[in-house]
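Two complexes are shown next, each including chain A; its partner changes from chain B in the first to chain C in the second.
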Partner chain A sequence: MEIFSIMMLISLMIFSISISLIKSLLGSIIVFTVYSLVMAILWQQLNAPDLAITEAAVGAGITTILFIFTLKRMRPDHSNHSDNKE
Partner chain B sequence: MTLLHNYYESASIILFGIGLCTLMLNQNLIKKIIGMNIMDTSIFLFLVSKGYIAGRSAPIITENYQGVNAYVNPIPSALILTGIVVAVSVTAFLLALTIKLYESYGTVDLEEILKMKGDDHGVNNKLPFS
Partner chain C sequence: MDDLILKKVVKFITPCIQLFGIYIIMYGHISPGGGFAGGTIIASSLVLQHITFGKNDMHFIFRKEMALKLISFSLILYSLIKGYSFFGGQFHLPHPPVGVPGNLLSGGFILPLNILIGLTVSSTFYIIFTLFSNE
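Right after this comes the complex of A and B.
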């Protein structure tokens, strides 16, 4: 089990470095979701199942929804948006 | 060798450094917010790993109470349960500010926003959020 935890920690580092390196915003948000899920697995390894449930629901679920919502508000277009504004 | 023994703590400090680099080096505001989230989770990992004691079970009483020495320390996980929720609400607040910045300036790149702000400064001095 120790080697499994170490593998998960190394994959966390790889994910967090690749978040900074990926150019696309949607890609980095998806990688951050995977990061949160791996962190939930790690909390189960640390014998804190309440944290694992909360991280999987809140960290991976709600945070991703918030980021995608922000991206959707930003992405679409300048034309539609400025129409709304004026 | 102590660093390798306490590999959870070492990894959490390394993750904190990576999150700080993501926060400081990227000009995109959304990536800055993701970097702040990475810093949050690394601090949570540090504190929970401080409460972990190897060889003990999760602090949930199933059939009979087995004594204090059978369970890991539940206090850090109870504190960090609050911390996760606070981190999510701070993320929601920062994303709302990012949306307002995008509506004012049309971009989320911090450098362009600062450039635009510098250009606007003498020409029309209306507030950006008006």
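Right after this comes the complex of A and C.
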């Protein structure tokens, strides 16, 4: 189980660096959701099931929905420009 | 959205999510969970229903004005109960009530406070979602 936790910690580092480097905004949101999900499993590994439930509900549920609706609202203003410029 | 499979699945899965959230709120003092976690789970089910069935169908179940009234009522009741617990003497600091596992009503004031937190958090997240989604 130690190896599994270490693998998840390394993947968390890769996710958090790649969130700021990915050009596509939707891809960055999806990587952020996966980050929250792996973080919830890691809280469970650290004997904190309360934080795991909260992280899975807030990080993977509500925050993703709010990010995607924000992206949907700001899309029509930039539709005449190219999408991958920002 | 006009998708038959999506509507059927959401009709089946929404009561299950709400039941899970209510379980987490009710057993928050003797098992992992609490008012905030259960409230966000119930809010995610409300958001799912709002996305799938649209704004007009959601108005039969849960209006934004009703959510505001629910938040105000819950916060007033929370402050009254918590203030009584602070100033009432034997309820709060010397021996805070620690629940017995398996006995739901053994937590003193923690169970009604958790229920009020759950109502406030679910209504707040639903209102934030309705602010973000362009009607």
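Throughout what follows, the second predicted complex is superposed on the first by the 76 of 86 C-alpha atoms of A that agree within 3 Å, B and C clash if a C-alpha of one lies under 4 Å from a C-alpha of the other, contacts with A are read in each partner's own complex, and residues count from 1 in each chain.
To be clear about the criterion, a contact is a pair of C-beta atoms (placed from the backbone, for glycine too) under 8 Å apart; a residue touches a chain by one contact, two chains touch by 3 or more.
On a predicted model such as this, the values are computed, not experimentally measured, just so you know.
When the two structures are aligned on the shared chain, A:I6 is found in touch with chain B, with no touch to chain C. Once the two structures are overlaid, the count of chain A residues touched is higher for B than for its counterpart among chain B and chain C.
Using the contact criterion defined above for the overlaid structures, shared-chain residue A:S20 touches chain B, although it does not reach chain C. In the superposed model, A:V34 makes contact with neither chain B nor chain C. Contacts of A:L42 after superposition on the shared chain: chain B is touched, whereas chain C is not.
Of the two partner chains, both chain B and chain C are touched by A:T70.
With the contact threshold set out at the top, residues 49-50, 54, 58, 62, 66, 69-70, 73 of chain A are in contact with chain B in one structure and with chain C in the other.
Note for the complex: chain C touches chain A at residues 24, 32-34, 36-37, 40-41, 43-44, 47, 125, 128-129, 132-134. Of all the residues in chain A, the ones that touch chain B in their complex are 5-6, 9-10, 12-13, 16-17, 19-20, 25, 28-29, 32, 35-36, 39, 42-43, 46-51, 54-55, 58-59, 62-63, 66-67, 69-71, 73-74, 78, 81, 85.
Residues 7-8, 11, 14-15, 18-19, 21-22, 25-26, 28, 30-31, 33-35, 37-38, 41, 44-45, 48-49, 51-52, 56-60, 72, 77, 80-81, 84-85, 87-88, 91-92, 95, 98-99, 102-103, 106, 108 of chain B touch chain A in their complex.
Within the complex, the chain A residues that touch chain C are 49-50, 52-54, 57-58, 61-62, 65-66, 69-70, 73.
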